[in-house]
Amino acid sequence: MKSSKILYLVFAAAMATCPFFLNAYWTDVFNNVGLYAILALSLNVILGHCGLFHMGHAAFYAIGAYTAAILNTMYGVPVLWLMPLAGILAGLFAMIVARPIIHLRGDYLLIVTIGIVEIVRIALINNVFDITGGANGIFGISRPSVFGFKISKPDHFFYLIWGFAALTIFLLMRLEHSRFGRALLYIKEDEVAAGGSGINVAHHKLVAFIIGAVWAGMCGTIYAAKMTIIAPESFSFAESVILFTIVILGGSGSIPGVILGSFLLVGLPEVFRGLAEYRMLVFGAAMVLMMIFRNQGLLPPGPKRYDVAARLQAGGAQ
Amino acid sequence: MTLLSVDNLSKSFGGLMAVNDVTFEVESGSIVGLIGPNGAGKTTVFNLITGNYQPNTGTVLFDGQNLVGLPTHTIVEKGIARTFQTIRLFQNMTVLENVLAGAHCRMRAGCIAAMLRTPSQRREEEEAMRQAMGELEFVGLGKEWQNKAKNLSYGNQRLLEIARALATKPKLIVLDEPAGGMNDQETQELINLIRAIQDRGITVLLIEHDMGLVMRVCSSLVVLEHGAKIASGTPAEIQSNPRVIEAYLGADSE
Amino acid sequence: MEEFFQQLTNGLAVGGIYALIALGYTMVYGVMKLINFAHGDLFTIGAYLGLTLLVSFGLFDKIGPLPAVILLAVMVMILVAIIGAVLERVAYKPLRHSPRLSAVVSALGASIFFQNAIMAIYSPKFLVYPHDILPKAAVNILGLDIPIMRIILFMTSLVLMLALYFFIQKTKIGTAIRAAAIDQGAAKLMGINVDRVIMLVFCIGPALGGAAGLMVGLYYGQINFSMGWMYGLKAFTAAILGGIGNIPGAMVGGLLLGVIEALGAAYISIAWKDAIAFCVLILILIVRPTGLLGERVAEKV
């Protein structure tokens, strides 16, 4: 455990200082990594911890982004203030949509979530309620500002995004090591046994969806503010596939795994920009190979520490 | 006083009548055995009590409340815990984590409290750990707390299931063939354990094929055959009941 | 009224395509409980291979339209069947005893691989089948002018479906497939080579999908490396609609979905056409998950 703690500290220090060493292009790449990391971490709650086959995560992301975009461009509300609202609306959407499908068998749930993300995308393109701007999307979203300081350069966004990522990691780690976090794992391992042990399975599945959605929604706000333009094609099924793959290949249920996955799946293609044509080809082949040779992911979750129990054992041991 | 009262319980699967108009009672503080030849419908009755199946007719009164129609986790909250005939542990999780699953329903902290790590949440976690380790000591698995459930011996896995059930702080514990796969010594330890559970004030309802255990530990028995109750009474009464002997024809009864 | 029948026949023609693709999904899911995400891409490969063969051999000039189309179909079906079998060996066989999610991810990876391979080999742009090779005439039935191609499309799909149906119902191998779809373990005990059955299923399904791709290319004229995605998802919806694992179900589901979609596009809104299939999907899974004709899925050994 000790050596991994050191590793994490080194990583954190490196991340905190890297904008000073990277040019604007690479800082922006890291910004993208950060956004995907946050999104993947939110999906991790649903897919990695709770084991729900969810391929529609881009829908929650979209709702958050569009909420922020619409309210900002129509009413001039500062973008960062809209983060909680975007999250809540995405969460509400998740609650309404997940309710009827929560009991579906694994692969059926998968297909339905794909259907949902596609319906959302089509609705956005068709300018539903006349506010989504159709296929061209919404433009002119204002940049975020913190206490009057306007965030517009990649360097600034880096700290905003990774700051939020750090907060996300902090809170989700706490969630993992709690009664709620354990409940999700029990459900993933064996639903019937979980129910028989007194866990309200349907309720926890729903809450997992909602938490994942809220986070994705908040992340959508940052995305909208960073790009200042958003369009339906950024929230397609392909995006969901990338997030899904990050979680599975990184190590489902493992926060370090998911972050590593984000770096690899978003950062690595940038390294091989020159071979643009073959990137996705390799990506697809890599997915197949990973499942055959290391299907638990690159960094699967390790055993958890239970200090209290260890103390009790040591204290009462003969 | 009567803790559990099963009345006119019936369950059919398609054309098959698995449980046919079964009625019996379980007195608070007692150890009741549900016995009968294979296929008599015993596990089905358990599943009906714990909410895994819904009966066609009949009621299950527990502490004065009808449990029929309630979901399994609510029934656990009301005070009935169970073990499974085929052992349903969280195989890839540790022994401690398995027991903590049982503690879940007696805790309150939700996801927000977890993220904020409120003082009450921290206290609750510590209390749950303490309680879980306590239950493990009680069944004799204290040393194994870090081991993965799948690495335990068969007999120990059954004990772990019991520990998990005890962690739900039940009033009634329902054991489905707890001695399955146990040798003589383990069975004797199980008898001691069941008596210790009774000493804690928990009522026990069990299905067992090991007649030796059943006769030694149960204060009363209910006998099922082909889904219907054919006899009930004390072990002595049941042993000499001609109908029961006929049902078991040739079965080992010592 | 006339509009209605036009849309109805249109829906049946497209529905036939959906049905052919759906058969591939349903057979694989029935025997292996696996959603073959790469199946839609096999359909695409069929369309592209058809184009390549058509253009490079100049068949139409040499032997005339009807024999050429049949020969083309046979060649495409054989080639796609081979690719399907290879896909199974490489991406799915090693995962037979792994958790289901692994096979799903592998299928996704295979799908991404195929799509990008097509894009790399051919081009990201829309490719066009040669015009003027197929009759454009319309036939007058009951007072309506129905394009003859629509009828041919539908009839071809019907013929292939019926052929499959008789194969499954009347031949020994077909029975073996049905047995494996009901209970793999028992099938093995009865001496059925389940490995062979799976290989066969991965030949027939893709073959039908490839044929569907060829027909789409001939009928609509335009093909694109991502066409398999939409068609695939809709075909899967059709399979679920009819009852996954159920072969007549896939046929019924495909035709029904085609008709619903065509009528929906005409009478509700054409912009939401694609969403109709997804709505049907979600509705069916919530209201009647076993499908219209009931599902037939293997018991995991």
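Lettered A, B and C in written order, each chain numbered from 1.
The rule is short, and it goes like this: a residue touches a chain if its C-beta (ideal position, glycine included) is under 8 Å from a C-beta of that chain, and two chains touch if they have at least 3 such contacts.
Every value quoted in this text rests on a predicted model; they were computed, and no experiment measured them.
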| item | value |
| --- | --- |
| Chain whose Cα centroid lies nearest the overall Cα centroid | A |
| Chain at maximum distance from chain C, centres defined as averaged CA atoms | B |
| Averaged-CA centre spacing for the pair chain C and chain B, given as whole angstrom | 50 |
| Mean-CA-position distance for chain B and chain A (Å) | 41 |
| CA centroid of chain A to CA centroid of chain C, Å | 34 |
| Residue numbers on chain B that touch chain A, as the complex places them | 50, 52, 71-74, 76-77, 81-82, 84, 88-94, 96-97, 100-102, 104-105, 107, 109-111, 113-117, 121, 124-126, 128-130, 132-133, 137, 142-143, 145-146, 164-165, 168 |
| Residues of chain C touching chain A in the complex | 33, 35, 90-91, 94-95, 98-106, 108-117, 119-120, 229, 233, 236-237, 240, 271-272, 274-275, 278-279, 281-282, 285-286, 289 |
| Chain A - residues contacting chain C, complex | 53, 100-101, 104-108, 110-112, 114-116, 118-119, 122-123, 125-126, 237, 241, 244-245, 248-249, 277-278, 280-281, 283-288, 290-292, 295 |
| Residue ranges of chain A in contact with chain B within the complex | 171, 174-175, 178-183, 185-186, 189-190, 192-201, 207, 211, 303-304, 306, 308-309, 312-313, 316 |
